[in-house]
Amino acid sequence: MLAYLIRRLLLMVVTLLGVSIAIFLLLRIVPGNIADILLDSAGMIDPAEKAKIVTDLGLDLPLPVQYWHWLSGLFHGDLGYSYVSEKPVIEEILPRIPITARLAGLALTFAICAGVPLGVISAVRQNTKLDYFLRILSLSGLSMPAFWLGLLILMACVKWFGSIPIYDRAPATFGAWLAMLAIPAASVGFRSSALIMRLTRSSMLEVLRQDFVRTAKSKGLSDTAVTYDHALRNAVLPVITTIGVETAFLFGGLIVTETVFNIPGVARFLVEAIRWRDYPMVQNLVMFIAIVVVTVNLIVDLLYMVVDPRIRLGA
Amino acid sequence: MAPVLEVSGLNTVFHTRRGLVRAVQDVSFSVEAGETLAIVGESGCGKTITALSLMRLIPQPPGEIVSGSVKVDGTDLLRLDDRTMRQMRGGKIAMIFQEPMTALNPLMTVGKQIAEMVMLHDGLPKAAAKNRAVEMLQMVRIPEPARRAKEYPHQMSGGMRQRAMIAMALACKPKVLVADEPTTALDVTIQAQILDLIGDLQREFGTAVLLITHDLGVVAETAQRVVVMYAGRKVEEGSVSDLFARPLHPYLRGLLGSIPRLGSARGLALSPDERLREIPGMVPALSDLPPGCAFAPRCAQADAKCHAQIPPFEAKQANHFAACWQA
Amino acid sequence: MDKPPVIAVAGLRKFFPIRRGLLNRRVGDVRAVDGVSFSIAGGETLGLVGESGCGKSTVGRAVLRLIEPSAGTIAINGKDITTASKQEMRALRRQMQIVFQDPFSSLNPRIKAGDIVGEPLKVHGVGRRDEREARVAQLFERVGLRAAQMNNYPHQFSGGQRQRVSIARALALDPGFIVADEPVSALDVSIQAQVINLLMDLQRERGLSYLFISHNLAVVEHIAHRVAVMYLGRIVEYADKVALFAKPLHPYTEALLAAVPLPDPALKRVKHRVEGDVPSPIDPPSGCHFHPRCPYAEARCRSEAPVLRDVGAGRLVACHLR
Amino acid sequence: MSDIGYYARRYPLGVAGAIIMTLFVLAAIFAGVVAPLDPFTTNAKASLAGPSGVYWMGADMMGRDVLSRLIHGARVSLAVALGATMIGSGVGAAVGLACGYVGGWFDLLVQRVTEIMQALPLLVMALVITASLGPSLRNTIIAIAIPLIPTVARVIRSNVLSLRELPFVEAARATGMSEWRVAIVHVLPNTLAPLIVLATAQLGSTILTEASLSFLGLGVPEPYPSWGRMLSESAAEYVRTAPWLVIYPGLAISLIVFGSNLMGDALRDALDPRQRD
Amino acid sequence: MSHKWIRLFAAGVCALLLATGGAQAQKQGGVLRITHRDNPPSASIHEEATISTDMPFMAVFNNLVMFDPAAKQNRLEAVVPELATSWKYSDDDRTLTFQLREGVKWHDGKPFTAADVKCTWDVVSGKVDGKMRKNPRKSWWFNIKDIVVDSPTQVTFHLNDPQPSFLVMLAGGFSPVYPCHVPAAQMRTHPIGTGPFRFVSFQQNESIKLERNPDYWKPGRPYLDGIEYTIIPNRSTAVLALEAGKFDMNITGELTPELVKDVLKAVPTMQCLVQPSNTEGNLLINRDRPPFDNPQIRKALALAIDRKAFSDILSHGVDNIGGAMLAPPEGIWGWSKAFMETVPGYGSDVEKSREEGRRIMRELGYGPDKPLTLKVTTRNIPDYRDAAVLLIDHIKNVYIQAELETLDSAVWYARLLKKDYAVGMNVQGTGIDDPDVMFFENYTCNSERNYTGYCNRYLEALFHKQSQMKDFAARQQLVWQIDRTLQEDGARPVVYQSQGGTCWWPAVKGLHLAVNSIYNHWRFDDVWLDR
């Protein structure tokens, strides 16, 4: 068990190192650097000034050296300075994390709370009108671009309330806070809930076909007991796995949702940072995201072990 | 003695893409307390569907029990509402399945799965139910039952799992035990143990056992009476000794002739160089049955009548029935 | 008996490593096959019996080098193939073939039956296209299928027919030796007989040698000339069929035979059942692997592994007591 | 012929999806004929004209017909969807097959690489890739295809690994076939069903990814009318004044993805017996 | 015509505002909330050339001189003192001496002196390396020979030549006085000024916050407790939030005339001004590369453009049409209507121009079946793209079949520098409506902003000539001629001069905006909130 954990952690480190190299190189392939951007923001300047910026920021150093500077900084907890704001990267990233984290948390909660029960209902009532309705609903959820849904919600807000939710760092009440985050969270979580619902449904159907469900029925258990005590626990196992995958996916949804709802979280910030060619920012943000994704995956695996005795106790 | 289980005129169909499939046609039989009735036949003959029909565990749709009655202690299961039926399942009529690995919930300890049964039907509190589970495990001769009760199915061997299944099925002392190929997935040495166990417990509890199997050896060693099924219908029924000594239906005769017998080397059966007797052709698909006797196309004795009309199931000798124009 | 046996296997071992821990180190082995020796003469069938997990299927594959044996030698027609290169091995495959248990997964669902049977010919460049087709048609007829069925896909066949296709494929290159790995255990009783008869007929016609792997003692008794009984990776008894079935020497063989239900209610046999389960091959019992279940076990059985020794008339038993 | 009726009854949603997709494909192929107006011609007089007899779905700021642009936009969406899915699935399948077959260090390496790729959100990766390649139809396809590769490779790899153990593969090896021939003749064709299922499922998500990229200002550039970009431009200004500019492109995206998802589901049910309900 | 209505309305609102502004008693307090359109690249006005930096940070600083807020047009006559209490030209107009205000303190408590003025212009004129990353307006200050600190309260600018517009440039929002003692890097992240508001925070892509400077030298000012800018890139979101009362005003000039109409429909009391945004769309033609090395083709291209259509589509008819200089009535130096009619391609009969263009093309061997194919390159920004799409549509009329190529901002200038384009669609802004700024920044041979590398020594002499002219009418005539030559030469054919809207709630009082610049009126020291 411990050995497994250590192994996983080591593999995580390997993955993260890989991510760091990948993002470092990818960014260097992207044409144009911060100097070009600054030149652009000033509507073109003296090429000499541009060259100076490049030298000042160490962009003319050999790539391995640049990489090493970044990595060794990382190990010392020094994330460097943003090229754009010239503030420490950590100061830029940290305050934005809770915003996105809350949004993601809310979206995921929404997704699970809506997705799992609806999936179960859909499976238990397979091929009924309700099932078809839920299936079409979930498919629509998977088909609608998150930003369009967000826009529709905005349009509805304008139509009905004459106003739209504007992000505020310090909302007056908890209710205001919830209202402010709930709408974007729902618009991004809708897709995840649709996915979880579909998955729960198919996994549930799979489980309901299995022998032990028949055994449970043969014991005289009621349908409810069979569905919830026996089938559901088995059916959520694959669902748990997707929550790990979903985190990475959710982030993509958050990028557009934060853009549409003008929420100053890390997701939108990443897009801005890429646009600005703010290497330290992009690199560290991507690393942060990768760490979150990898960690969530690890947690999911551990969770899986807890839930599934076959893995916990060795098959 | 009145039979504990009395099945009459059971008809189960499936509505499929290719149309109506008559999986069980007009099947009747009865089992007395302490008696073992074996239903024997090849794959697709309808024996498992018969068993599931008794339990009302046929998936509906596509399946449907069209007619017939299944009486346990005089109560017709097919007329019961769902709630009462649930009380019967496990309480009066219990079932064990072929694959003990998949038939047990992988996420629940064996003890809990047994206790659940007891709590449900005997209304025992949790602690007592757990004790009862351990007792049952002991009864099915699982060493260290208290420890094993806390184990999950995957931690047990196949034989042990099947014992646990039996413990669960018998936990509420049902009148009828339906055993659907209980040993097919097991090795011979384990199979022998399990069959012995079922027999012992049956004697102890006076349970009526309906044994579903394709293995004529198992039938010969465990059952008192036998029903032979072919293509959804009964083709022969009688006591085990009558059937093996004087098989009436050409299908059963063919089957008995086609299996190699242990002991042949000792001159107890066929001589080594003798070819096995073959039944030509193959088992017909239930969706595509011939008009007359379903076995006619494979039957050497079949005549025009066989091909045209379904033979009635009737007594050919005392307590020995068959559905054959020729017998 | 000057002719070398069609196949001679000596000291065959196959260990599957168990990897655990941080660096995925090999912490032990599953001794699936642990020192198995046997030989099969031309036209002879060796039955290999044992319960699931005893390693009999591994033997079948290792003999053909479909999996690489960990140790031991395999000689086909006197030629050692243990060290043959992949290239040489491919050529050698003409002489030996295999028939599998599962008639559903042993045929590629996307290839026509005729092509499945003709494939070995194509691989080894036998004949022209039309010649190959004629040969396949011939094979189809021989195994009891119609040549017209060559164009059918596997799912269009019944289980028994599929097994016939498998046999036809195995026969395509006219090998001398066929491993039949539980060829009839997935078939319905009424179909089993057809396939067994076919196998025996083919043996008579072509002088085939079979390694017939099965857990069904009755079938083995019917088809085999000699029988090897395996328990936990080792052969515990190896004897002529008649002798073995008449009087099993090893307690395990005895137990096996006693456990087989006989389709004859008139026979009232004395039942002496072995207790317990087959132990795990990862951690087999010390000494004689069978001792925990053996009603006759002595102290010696627990500590000392019995060797397979000749008890006369070419009969081998691995038991301290017999 | 009765088969069509059968499938329509067995997979009514799948058939609906196929019809939707067919309509889009036809629209894309015959865009020039079907579209009522030229999607590129600007018209100062029709700027922001609402839906009318001439402009069924209204006109955009430049006075270009929204419906015609949507019809031509189907080309972009389908080109991206098919292109990216084909590249992603093709390369992924090749990599997966190689992993399952070559094994050893190659497999380990590829597995690490896929892990690395899966640690990055798909959109982030696509963003960085489009940024590095520059916006163009081809580059958008590549940027969307690359993140698909690891998923496909993983599925195919595990498929190959389990196929390899199947007796028919062993039987093929037993005939003396070379490993590569076994891989190509026996293993590869049997991975096609899961591959098709996977690819169909991905069709929809590639369309969505393209729309997201275009919405964020990357993705397929003018003059191709991309639905995502149509949305992003109108979203910036016309949420209230010209709702038709927001509603119709979004509807088009949702509908085509919906169609492909319906089709994908049915295909999965039909091809993957395990999933059959 | 709708756009006229807007203008009339806006003008009326302005007049009303100005009239009532003085009458009411000003109230102290309140935070002014403004929507911002994007993330400013930095907080340092001298290093940037965008309203995104200029507007939010202008209130942190003071200039030497500034435009009289009450004057509606920014011009020389409207220049009034700010940190300089007075100024005086020498007789030869080559030295300019400023008397500086006493007792002014920087936000960090250090005193403001003449040295700070010298420091600032030594750096921006490129004489001294001030460690700024960028210095985009070096070309403005070509005329500075030397700056002398006469005393802590007096500073003298020595000029190479007389330059009336020099004061105009000093008065612009882009010419704040920087403190000498604060390093450039800090000015980018935490600017220190003498202005009415102190810098509080700048969260990237989120917000900019300023607070009242209690030590401001203007007694009783500012009225506001602070100013908060919230960055909302999506225009419709910003407008909706403005209408919902979550903001008091929007960043200047960012609303399209269409959106302004909308705002007024939703909130009839809203105050709005639609004015030129000092940006123009122009064509960058690569005259070094065939086929555009041929002046005839350049001309044909210019003749194909229907400027009215651009204006109609991009702003529903509000956009001005003119040359390089901002067109009247808002602009000072732009062509009169009559003069414009004489410039080729600007005539009102577009079809005639296009026929001429087609004739030229046919002579060169092109035609409907043999069009000239090329790429129109532009930045991947909606304003640029829209214009480019229109351009492509227009030049179809002279047998030019163009494909659009959009470039990321990061590559745009690199491509321009490499001259790797045929025709580029460019949008550019100019800080002050003045020919010195326009010509020297964009059309002199060695200016960095001369993207096309257009170089005409004869015209350049004229640039200098007009720069030194004191007589307005004569100078205007010369500027018209220069502008005409630039257009005829296809140096950077101007296609449209865009207009943008600014809206604010009636509660915002004391806001003075000029019609010919969006860059210069953001001191906010007279603004107060009537809440």
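The letters A, B, C, D and E name the chains in turn, as written, and every chain counts its residues from 1.
Throughout what follows, contacts are C-beta pairs under 8 Å (C-beta built on N, C-alpha and C of every residue); 3 or more make two chains touch, one makes a residue touch a chain.
Given the structure is predicted, the values throughout are model-derived calculations rather than measurements.
S.K.: Touching both subunit A and subunit E, which chains are there?
M.R.: Common contact partners of subunit A and subunit E, which must touch each of the two, are D.
S.K.: Could you see whether A-D or A-B has the larger number of C-beta contact pairs?
M.R.: Answer by contact count: A-D.
S.K.: Compared with subunit B, which chain's mean CA position is the farthest off?
M.R.: Greatest centre separation from subunit B goes to chain E.
S.K.: Approximately how many whole Å separate the CA-defined centres of subunit C and subunit E?
M.R.: 90
S.K.: Could you state the distance in Å from the CA-based centre of subunit A to that of subunit B?
M.R.: 53
S.K.: Roughly how far is subunit D from subunit E, centre to centre by C-alpha average, rounded to an integer in Å?
M.R.: Here subunit D and subunit E have centroids separated by 45 Å.
S.K.: List, in ascending order, every residue of subunit A touching at least 2 other chains.
M.R.: 30-31, 154, 158, 259-260, 275
S.K.: Send over the residues of subunit D in touch with two or more other chains.
M.R.: Correct list: 131, 134, 235, 239-240.
S.K.: In the complex of these two chains, what residues of subunit C are touching subunit B?
M.R.: Interface residues on the subunit C side: 51-52, 158, 160-161, 188-194, 196-197, 200-201, 215, 217-219, 221-223, 241-242, 244-246, 255-266, 271, 273-275, 277-278.
S.K.: Which subunit D residues qualify as touching subunit A in the complex?
M.R.: 13, 112-113, 115-124, 127-129, 131-132, 134, 204, 208-209, 211-212, 215-216, 228, 231-232, 235, 239-240, 243, 246-247, 250, 253-255, 257-258, 261-262, 265, 274-275, 277
S.K.: Given the complex with subunit D, which residues does subunit A contribute to the contact?
M.R.: For this pair, the touching residues of subunit A are 11, 14-16, 18-19, 22-23, 26-27, 29-31, 126-127, 132, 135-136, 139-140, 142-148, 151-152, 154-155, 158, 202, 205-206, 245, 248-249, 251-252, 255-256, 259-260, 270-271, 274-275, 282, 286, 289-290, 293-294.
S.K.: Which subunit A residues qualify as touching subunit E in the complex?
M.R.: 30-33, 36-47, 49, 52-53, 56, 82, 84-87, 92, 95, 154, 158, 162-164, 166, 169, 259-262, 264, 268-269, 272, 275, 277
S.K.: Where on subunit E is subunit D touching in the complex?
M.R.: 234-237, 240, 256, 258-259, 262, 308-309, 312-314, 316, 380, 382, 385-386, 388-390, 392-393, 403-408, 411
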